[in-house]
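Quick heads-up: structures coming right below.
One chain, chain A, appears in both complexes that follow, with chain B as partner in the first and chain C in the second.
Now for the complex of A and B:
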């Protein structure tokens, strides 16, 4: 159903809801938190002002790599208005988002690993005073050699950036093989080998990270923070502060954009918590924009080598993918990111044999982590551009080629990912039709072109960050005598509409209005755990938990109303804020009366729901990254116009189709698609987290090229093309009301579709992101000189790969275990080594 | 100065920006900040009807001038048509740039009640939004424009 022009004023006739099926789900609605947002009343973390509040500023390393010999804070402490100065000695316990990478200290004790690494904190009455006092802290550094990229990291084992990891400056190496890939190449008619590079980029949320901590009247800690993952922050605070978790309350304030950049527990959060406890007064920090660039955790720069064997008809016989990943100075989600660079290749097209090797290195740059599409974006770029090259060589239309090889629904892939609904073919057919692809591809005048690409993404990561057998999401409902319903859930509102998802589902089940619902979310004291807003998990996980809790409440109400109305409870319907007999709708009680009847019969009405993803068939080590209850699919066609003289690219129009399952609130779904398209275009054309060395006569330090919003280019309202969005709806049995994810998947096809369109327009391959005018001009010069009309990396450095875990695919008699490793269930492993996911 | 139609007297340190005075001294936290360097546009307010970046204007410059923030957009308990349209059409996702975009759009529509899509694009180009991809924002402005024209028509 095209939803281009959906609006609440639009008669609901076009939506399935009006067919009588649903009253709330699928109907374009004002989101529950919209009024607060348009009146400026949404309370973001930095909007919290409290009596006696003190302000915190962090002293950050100006050096990319150094030992701290000595820190003297006495002058800062003596500065009028300064309450407290903290250093690494005050917070020595290491933490990190993944149990295997507990490698961060809130304030560096003796080793700084990137420019911006925090060393000390000043807490003062005024923000300006704290800022001034930073200059009064004397630090004696011993400068160490700097490692700027993965190739240098491979060649430079000393000095080590971290004392843990595989060896030298290699953080993580993985190798997995699903079937004999060499044999699959022998069976191929054509073999394609391509090397791609995907530059790093950052989230650039408009809201800078901020946090306020207090020691509450009972002596416990409360922290409000712009975090996507209050539960994980809760755990990190308990660990570093050595406090019982029961004495810590984390409240995630609505995030002013997250995109993955607020998913780690951050040093500044731990510092203000410690300071508030010591000072017994509220302490606030709000990062400057420059500091946000140093927090980073953004897209990993990844070098990729794809070797793919195909038959003449386009069928893939096997694929071998190698990735070399620039991790920056800390682990962050990096181990999971490493696995993710090889996880989802098999989810879109049938790949009978697959080998993946990935290597993440440490470098002296701000740490990389999860950004929208986490780790899967970079290899998707390579895979879809290579497929375009394959189609050209085989003389098959790229859309037709993809349609031939799309993976089937309800399949287990070569690497043991279990797929549910797969509507990629329909997505392709839709964009081919709406874009008039057949009339445009290879037919537009020189300088204009179209490109097509596809993708898949998780609807929630199958496993938690830390190993446990508990649900990934929980919801509590409270129904009161006035007909009000309160939802308590740890799910975190980062702008994507997670509150509205919960409210919409509960309202639908109980037949009430979303605005009759109060939400208490993202708070570790108020609601049951939800793991957070990452991996597109909220709709399916918190949504299913809400669905279960609401159905349980409805059951109680139905039983009580059935007795009052003397009708079988199966005949009762919940709609229009009433409970009524579907056979005789005049027999009804208002919703609030139904609650009273139920309360009289059963006592206080409160229900719970929880959600645990299905078990994955991937039993091999590393198989924890990639499984999801179901996957979303997207196809996009992009038209570009390229000026051959300047290399300037404009994008007039984009057609995109997304396999959503069912849209819970169509305007919000469309907003996620268009927001993803926008962010993808930024990455395709301009965004890059780049570094440069200062001259030798200065410090020769490796510094961020442009830690400012002015220089870090991102698309403005003038750059956004027209977008035609279509939703392909086939309710997925695993999603609440059939819904799948939409927040991340639609970003993935954008970058390769742009690259493919550039080739269609001017006949040069840009095997690198971002695709800048400079690269186009260089590639065109190569073309004119009769050389390979291409811009991109030419070699993949040598990596000592470990022996691959060999896991025979399902169709070769495999059972999900590696044949050369001890099966997981019989091998006891300490907590730290458990397979991780994000 | 006059803030949202109301005369206010406030004393503050002379180096403070209008943004800081609004948020810290007058408790008007509806106006946001994303860089405090004039790069992101999130702090836009209307000064004598024209959009300015409040992080680049000193508080003392605003003596006896008119400042309009998102808090002053609606009238007597009702939302401004722009606010209604933004709420209904998905134009506010995280809501962080929304106050700046709303007042900037108001200024545009005050001057150009029949603004074209290109005029809307140009007027809003100084405020960055990372969530929406701008399209639903354009549509909300256009929808509000129609509503405002209808209101003005029926008032006549």
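Now for the complex of A and C:
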């Protein structure tokens, strides 16, 4: 199998204490924010109360698609207790997370695109008053035809939901070909063609979005918000409010969960900012659960078609993937999501030739966007279920089949993703062993079954959302005379433990305790930019920046201490809150004294660190989505029990192994694995962001079927099975202390492993999620009738695909450019275009 | 967040005082027990009473009187009281199981037996907030003119979602209702109408004060609930079965009730009668299950597909009857409800 050797950018980090002798890293520790959280003292955005605070409610469209002819706010404004009513005219500038999709307005000016699209804002003394005044706003609508799914969008170019995009209601179409897949299919012994559907789902963070804005005494704007991306919100506020960014401060409050649902700049944030500036009083909004469903940006529903050629021994000769994506009413991250549905197929198993076509359509539903595993979850489901079918046809054990074709480390894939460490084989071997796979697969009694699936995920997206040459993360450290260390960084704590990662790394390097560190994070005024908590990027990017800053501080301290102790500074060790001579440990100074010595010598001790991901070899247009400094790998075995009469399905046990590189704080890593399992089980078994269209002749309504935590079914703690988690450790040269991501990757194998286990249990294929008792009963009926024992989509609609960009893979002489496009490095790069590829 | 509308709050200390407050007020004044259903409904503006009258401080409403011949259960017993008190097992097992399967521990700590019996009917088109209902132009049950579940229907088809009513009907319970003008006893099965709006025959001025049960000596009972998850969810199908068996395990008396398959709990008379004089073997259980399932007519207004809910009704009746017979059902229980009642 062709391998491109790749020398790592930086050598493995050898800390003063070499591997195995860490005092902080890899040691199970209480996370730095644990006390505040378990004692209920963490201040979330909705906990902020300020004198003279006013409350904001948004009037939302009751229509899925309409033009606004006229809005009359006079009655609402006259309502006692109402301070201000805003409409689209007050905030007309368009914004959006991607520079290529600036398609949102904080309040719709003249066009509403889904039920829940905001039209006006009432700011009042009491929240109840604001709510009551919403009904006093008179809106005259012109109802437009409604588009409810991608197939309808393809067939209905008019009316257009947006005036931009490819054409009609097609937002984005992409086609990429890495080698001649038709030739690969001709060389194959078997060809497999399968169509899968992955239902949309939402993030369901426990904390609903909330924001408080003030005009500070200097006349500048401060906003506290439950956002994963304060820096991007900062940019959007500056654009829409037409204010100098220096006059805006965004402070991300600790998020009560995010999962991607708080990664866009949101209309309610912009509205309260504007209202606070106009009223000169604090303005607050806390969304209802229903409104969170309208913000959404969750998992795109995706229909996909896989065509895969294999040799008799299981080797893949080529793969052709098509995806049809339901985008909802706005762009959001959708262009990136579209590329992501085709990006990571090549990262797990060797695929010598690969073709991908993806199409995202607009529909009159809340916009979809990034949810844990962004865009890669849906095709991973299809790929892993199809592999199970391939293994059965080839009569190869699915675990053995995968072990034969796992991609090699330090490889550049067919689509030019550079892999670093790859421990997928070890993950597979671990779950095969711990689950006793060989004794269970195809051997359990009827109604019981096991399934296996694997995955890979980015450790941080290689490119920023907007094109720039600056670092993706920066950290400043301040060391004070008392031995305290302050970390300043834009990284955002969303519950995943990002503060603890920063504290752990700095504490390890400086030999101190994490509780001697103060963190100032997620605040655009206080710390250098970090792009945000998305794409599993914080540990590697903010972590490496923190490592660099800490090493620079250690260097200053070491120099000063070396003079005082009269030993060569190379011999100094930092541990136990001291700096000491490794040859004579009794020669030491306490850490705070070391700081004083350094300050006396160098002046105030402050250092900085930053991180820029390595350049990607993917130079073709669209190659900006997929590259990452390194990838994590996961394998899972899941056992299911299915009642053959009712189709009732339960999951008694899960075995999962994750290639983590090195766990910085093992309980947090395990927590992320188990949390991913939990979220994955929800998607596998019950979660559905589903919409209801009322009978057309009676109503034009298209509403979310159940925007509530009661009826949007997500598993409870009682539904959670026993999980056996294994961490596979091989430090990755690119990660801080060798760490890779864990926040998203472990979710990916769960859904296909459940589907594969259902087949093992009762011999029916459920080629879509969620896998429900109803679908199982229907598939069983097909089986009994002697038909294809399967439930799932049978048809992929016609899409006018553009000519594919042809990029020969590395082993066919390619250089990362498309042969039918102007080479990227010789072409001037207009900002927009390059941004598009992020 | 969603805010409650403003309301007047009354907290009488005696039943007389409570009855006086409700007298002549109509639905503008509503009794408040645990509030776990009413208060969220008020936030969604499904009910907007001007006055809430708390039952919490009314004397005597959370008492239990036990005797060999009859028991009286106060309406303000919490569901936790009912679920955790071992005296509610044996003959009353179905009630204990039903109470234990309501919602979550936190809700059971607040919610009351009487409140659960009076629970508003539920529907996916109705249990939504004000803005959502406005987007569909409301529905027959509240503020609208069309039933979106069955647009041709002139009757609301919202679903009876109480867990304890099917169990208590199977146990032959009666309830006592008190108003200023007097009091009356009603057989529980007669308390309900098959109408999603007028689902209960309690007048707005009446207070449901207690549940009355005759001796259940020799009876066994069982309650099975269908819901997606191991907690939180309302039933979308339930089966309560009670039977008095002779020493030879022949059925001397039986009541099977199917819940959450209509706007009221449905008494499966045909199935119950069929079992009389028979023993609970696989054939009789299958026959009774088929008869009981026939009356269930679920519609597309709850969780799960309605044809599937209909389809599994017989299975649920089978589980209940097998449990009465003495089969070890803890595997099925664990799988369906994540509760084993061990």
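Assume the second predicted complex is superposed on the first by the 810 of 838 C-alpha atoms of A that agree within 3 Å, B and C clash if a C-alpha of one lies under 4 Å from a C-alpha of the other, contacts with A are read in each partner's own complex, and residues count from 1 in each chain.
Definition applied: a contact is a pair of C-beta atoms (placed from the backbone, for glycine too) under 8 Å apart; a residue touches a chain by one contact, two chains touch by 3 or more.
Just so it is clear, the model here is predicted, and its values are computed rather than measured.
Counting the residues of chain A touched by each of chain B and chain C gives the higher count for B.
Within the superposed three-chain model, A:713 lies in touch with chain C and out of touch with chain B [touch as defined at top].
In the superposition on chain A, A:38 makes contact with chain B only, not with chain C.
Of the two partner chains placed by superposition, chain B and chain C are both touched by A:288. Of the two partner chains placed by superposition, only chain B is touched by A:670; chain C is not. Look at A:206: by the touch rule set out above, it reaches chain B but stays clear of chain C. By the touch criterion defined above, A:494 lies against chain B but remains apart from chain C after alignment on the C-alpha atoms of chain A. When both complexes are overlaid on chain A, the residue A:612 reaches neither chain B nor chain C.
Residues 46, 208, 288, 708, 710, 716-718 of chain A contact both chain B in one complex and chain C in the other. Those residues of chain C whose C-beta lies close enough to touch chain A in the complex are 1-6, 124, 127-129, 131-132, 134-137, 146, 148, 151, 228-233, 303-305, 307-308, 311-312, 315, 335-336, 338.
Every residue of chain A that touches chain B in the complex is listed here, in rising order: 7-9, 30-31, 33-44, 46-47, 49, 203-208, 254-259, 288-289, 494-497, 667-668, 670-671, 674-679, 708-710, 714, 716-718, 720, 722-723. Those residues of chain B that touch chain A in the shared complex are 23-24, 27, 29-37, 39-40, 42, 69-71, 73-74, 79, 82-84, 86-90, 92-99, 102, 120-122, 124-139, 143. Listing the residues of chain A that touch chain C in their complex gives 46, 60, 62-63, 115-116, 127-128, 131, 208, 286, 288, 290, 641, 643, 645-648, 650, 686, 692, 694-695, 698-699, 701, 703-708, 710-711, 713, 715-719, 772-774, 777.
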